[in-house]
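Given below, in the form of structure tokens, are the structures.
Next, two complexes with subunit A in common: one pairs it with subunit B, the other with subunit C.
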Partner chain A sequence: MTLEGPDDLSDRERAAVEAELRCLGDDEFVTAERYTEWQVRGPTLEADIAVANIAQDELGHARLWYDLLEAFGHDQVDLIWERDPADFRHATLAERPYETGDWADPVLRGYLYDTYERLRVEALSESAYAPIADRVEKVLGEEEYHREHAHNWLERLCEDADGRRRVQAALDRLFPHALTLFARTDREEAVVDTGVRPVPLSELRREWRNVVTPFLGSLGLEVPVADHEALLPAARGRDGDHTDAWESLYNEFTFTYEQLGRDSAPALMPEPGEADADV
Partner chain B sequence: MDLDTVKERAGPREFGPADEMPREYREAATRMIQFHANSEIMGAYIERPFIRQAPSLDRKLAVSAQVQDEVGHGQLLYRAAEELGIKTREEMLDELASGEGKFLNCFHYPLDDWYELPMIMFFVDGAAMRRQATLKRTSWEPYAHAIDKICFEEGFHIKHGEDILRTIATGSRRDRQRLQEAFEKWWPRILQFFGPTDDDSTHGGFAMDVGLKTMSNDDLRNAFLNAYVPKAEKYGLELPEYPRVEYHEDDDYYEVYEEDLDWDEFFTVAKNEHPTGAGQIDKRRRTQAAVEWVRDAIESPDSTGISPAAADD
Partner chain C sequence: MSEDAVDVEELDDLEGGPSYCTYTDYDHGVAVEELPATGEDADGPEAAVFDELRAVEDPEMPISVVDLGLIYSVTVADGHATVTMTLTYTGCPARDYLQEDVRQAAARAAGVDSAEVELVWSPEWNLEMVTEAGKADLREFGVSV
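For the complex of A and B:
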């Protein structure tokens, strides 16, 4: 059974699609928001440029998932700019602040997140909701470069004793938050039943641990082995409960919108490439 | 090649790494390109908070891309400077972090809020574009080559900056008032962008003689004012009473009353001694020091021996 668009959905299906899209869009948006902190602060000019590329890809993906929510009558204003911060559904991994200079963090966070994203988005290629399935290919195409980037950096940092120590510290800190990527929303059952995402999160988590544990282990890192329930942090993100870092991040990125007293967030019409350089 | 031959042959894209250039030429070109590269980095540095503070997804993407482009320009320019064989990129970046490296006056002042952003993204970038366009004809070919790409991308930046300006200028009365305040604050700095009139800067004459520079600061300032005073007026901005700017219609020439501008501040800025600029340099130094361990890690003997520059190629 294929659901072609919003009009084909029952209330339960619609709630499932919305819940899935919010997780996808919010993860991408908040992850990108954090990545941009590394612009002009990376260890090399090349690293700066690469992290900016990745941030922009993720922002593009956020826009792509949010666009699908617009079919349900939402717009960017209520999806981002005027949304109650407690309504965001991203995993806590996305919002955690960076320590100044701790390049091991974005590299490891990127690896954990991109591996997760690949598995979740691959599962969505079989989505019963066609508009989601249609977008999978574009997202997966760009994610390959992100994982390659994270792999290369992790390998290089872990070849050095000090580098490995720092990656280990980041792993100890971030791993519990990464597990919130697989935390259930109250719609998880409907998401799986209706085929919006035919693979349950618990299975994605098992696959994810089967990928990240051996890879990180091969770099000489110690990966937590405990059951996810024992490792999960207090705030799960997916239920709207966030860590302290979220509120200040939210206040920062909505600052200008508030200051300008905006009530809309228009798309920019002229695409680069069409503009003529009249200067 | 001796200096007389250089002066005789000086012309657009005349010299490159294959030529044996005299030390005076290589030093002058390094000074000029390094200054330009530093300015790209420090310009990116003052714009970066507005990636976070952008009021829409599209703006956020555009500001992020713009900051990324500036860093890319820095990368290209340091490479063009390195080919002169005077300094390595690492040396130039170290000089920037230590406060030895010089950069454009306007990038010594952090931006307070979104209302000030078009002052950089439209007016200052517009002024920089004027200067850069003339450098397509500089005599050091690698520099001219970098400039081609920079001018191409900078054209989009200015369009985007103008779009931000237009949005604010067509907003509420309060928006227009805040914009005018931002303009009055930035306008004197923008006028100083091209240096003092009758520029007797120590390096200008030599740079013209050997074809590194192709247009004097005075002519550049005038071209900028011709183009941008009408643009400011178009967006409802009023030139403040001081500094006085007088238009001489007969000669199509703008005269800036130099005595109305704060040249003490300008020269303090130029020496990296103005407090806000020193603060920017200090922040840059601290963030660079915080990632020093990464450069050490990837250069350590037990590492693969891949150079840091190759990390993301």
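For the complex of A and C:
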């Protein structure tokens, strides 16, 4: 059965769609926020441009998912600028601060995240909620380059012992946080059994480990093998429980809004459809 | 994928080590039949909407949104126009600007009192959506297509 739009959803289906969209949108938004810290700080001009472009892609994807929440009556103010930081549902991987000056960190993090994103978004191509499925192809088309970028940099960094040591340190530090990408959504049972995302998270996690473990292993890295339960960090992100890094990141991106005493999201022009048709 | 399967595609490029960025030309993608909508067979108020849309240019390049292949459908019912369109890129900073330009253009057409724009993302836009006239405009501008 296909659910064409907001009006076709029961309360339970709508809650499931919301729960899935909040994870998708918040991951993308917070990941992009972190990436911007690398702009003009990458190891080469080409790397600067690449990371800026990837950040822009992820913001574009955040907007695709947030658009669908706006169709439920939310707006930019309650989704971003005035949202309680404890209501964000991104994985802790997205919010962790970078190890200062360590390019291996965003490269490895991007690899873990973009590999995950491909699998989750591919699973959504079969979503029972048509507006989600409609966006899948576009997102996947833009994601391919992200993985190619990460692959190339990982191979380059792992060519010598010093680079490999730094990638390994990033892997040890970030792998547990990457596992929070697969932590349950607020309405996980409903997400799966209504077909909003027909593939359970446990299956996505297994597929993800089947991709990242041999690839990273082939670069001479040691990938944690323990069960996810033994590796997961204390804070899981998806339930609103975040690491200490989140508060400062949240304060940073809401700083200007707060400082200027805003209570709405200013726009350079009216939203489509809100302008006078006779203009 | 089975439990122990390795994603071969993801490992493929390991053989030769890192590769240089190869994005010097663009993948043309697959042509989708009946897309984009160019209004060739339209008449009445729908043809009038297409005429107005042909005057709306992409904010970055001198090519109309119709020839760029962004318009997927136009319908007019009881004086209300609905334009279905896509964008080349999800992160497009000119999204609201372009949508509003399109909406206002549609609303200006003879036989139309009000207009709305619906943004869709599939089928995914690709270079095959650009019309022949659009390709000529892009070449003139200096874009190789």
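To be clear about the criterion, the second predicted complex is superposed on the first by the 265 of 279 C-alpha atoms of A that agree within 3 Å, B and C clash if a C-alpha of one lies under 4 Å from a C-alpha of the other, contacts with A are read in each partner's own complex, and residues count from 1 in each chain.
As a convention for this text, a contact is a pair of C-beta atoms (placed from the backbone, for glycine too) under 8 Å apart; a residue touches a chain by one contact, two chains touch by 3 or more.
Everything numeric here is computed off the predicted structure, so don't read it as measured data.
**Student:** Looking at subunit A, does subunit B or subunit C touch a larger number of its residues?
**Tutor:** B
**Student:** Name the contact category of A:Asp134: first (subunit B only), second (subunit C only), both, or neither.
**Tutor:** Second partner only, subunit C.
**Student:** Check the residue A:Arg41 against both partner chains and state whether it touches subunit B (first), subunit C (second), both, or neither.
**Tutor:** first
**Student:** With the two structures laid over each other on chain A, which partner does A:Gly101 touch: subunit B (first), subunit C (second), both, or neither?
**Tutor:** Touch partner of A:Gly101: subunit B, not subunit C.
**Student:** With the two structures laid over each other on chain A, which partner does A:Arg206 touch: subunit B (first), subunit C (second), both, or neither?
**Tutor:** In the superposed model, A:Arg206 contacts subunit C only, not subunit B.
**Student:** Touching A:Arg156, do we find subunit B (first), subunit C (second), both, or neither?
**Tutor:** It touches subunit B and subunit C both.
**Student:** Does subunit B (first) or subunit C (second) touch A:Pro214, or do both, or does neither?
**Tutor:** After superposition on chain A, A:Pro214 lies in contact with subunit C alone.
**Student:** Now for A:Gly60: first (subunit B), second (subunit C), both, or neither, which partner does it touch?
**Tutor:** both
**Student:** So, does A:Tyr145 touch the first partner subunit B, the second partner subunit C, both, or neither?
**Tutor:** Only subunit C; A:Tyr145 stays clear of subunit B.
**Student:** With the two complexes superposed on chain A, say which partner A:Gln259 touches: subunit B (first), subunit C (second), both, or neither.
**Tutor:** In the superposition, A:Gln259 touches subunit B alone.
**Student:** Quick check on my understanding: which residues of subunit A belong to both its subunit B contact set and its subunit C contact set?
**Tutor:** 46, 50, 56, 59-60, 63, 152-153, 156, 159, 267, 270, 272, 275, 277-279
**Student:** Write out the stretch or stretches of subunit A touching subunit C in their complex.
**Tutor:** Subunit A reaches subunit C through residues 46, 50, 56-57, 59-61, 63-64, 67, 115, 133-139, 141-142, 145, 147-148, 151-153, 155-156, 159, 206-207, 210-211, 214-215, 218, 267, 269-273, 275, 277-279.
**Student:** Help me check something: in the complex, which residues belonging to subunit C touch subunit A?
**Tutor:** Listed in rising order, the residues are 1, 3-7, 10-11, 13-14, 17-19, 21, 23, 89-92, 95-97, 99-100, 103-104, 107, 113-117, 119-125.
**Student:** Which of the residues in subunit B end up touching subunit A in this complex?
**Tutor:** 41, 44-45, 48, 50-62, 64-65, 67-68, 71-72, 74-75, 78, 113-114, 126, 129-130, 133, 151-152, 154-156, 158-160, 163, 168, 171-172, 174-175, 227, 286-287, 289-298, 300, 302-304, 306, 308-313
**Student:** For the complex, which residues does subunit A have touching subunit B?
**Tutor:** 33, 36-37, 39-50, 52-53, 55-56, 59-60, 62-63, 66, 76, 80-81, 100-103, 149, 152-153, 156-157, 159-163, 166, 252-253, 255-257, 259-262, 265-268, 270, 272, 275-279
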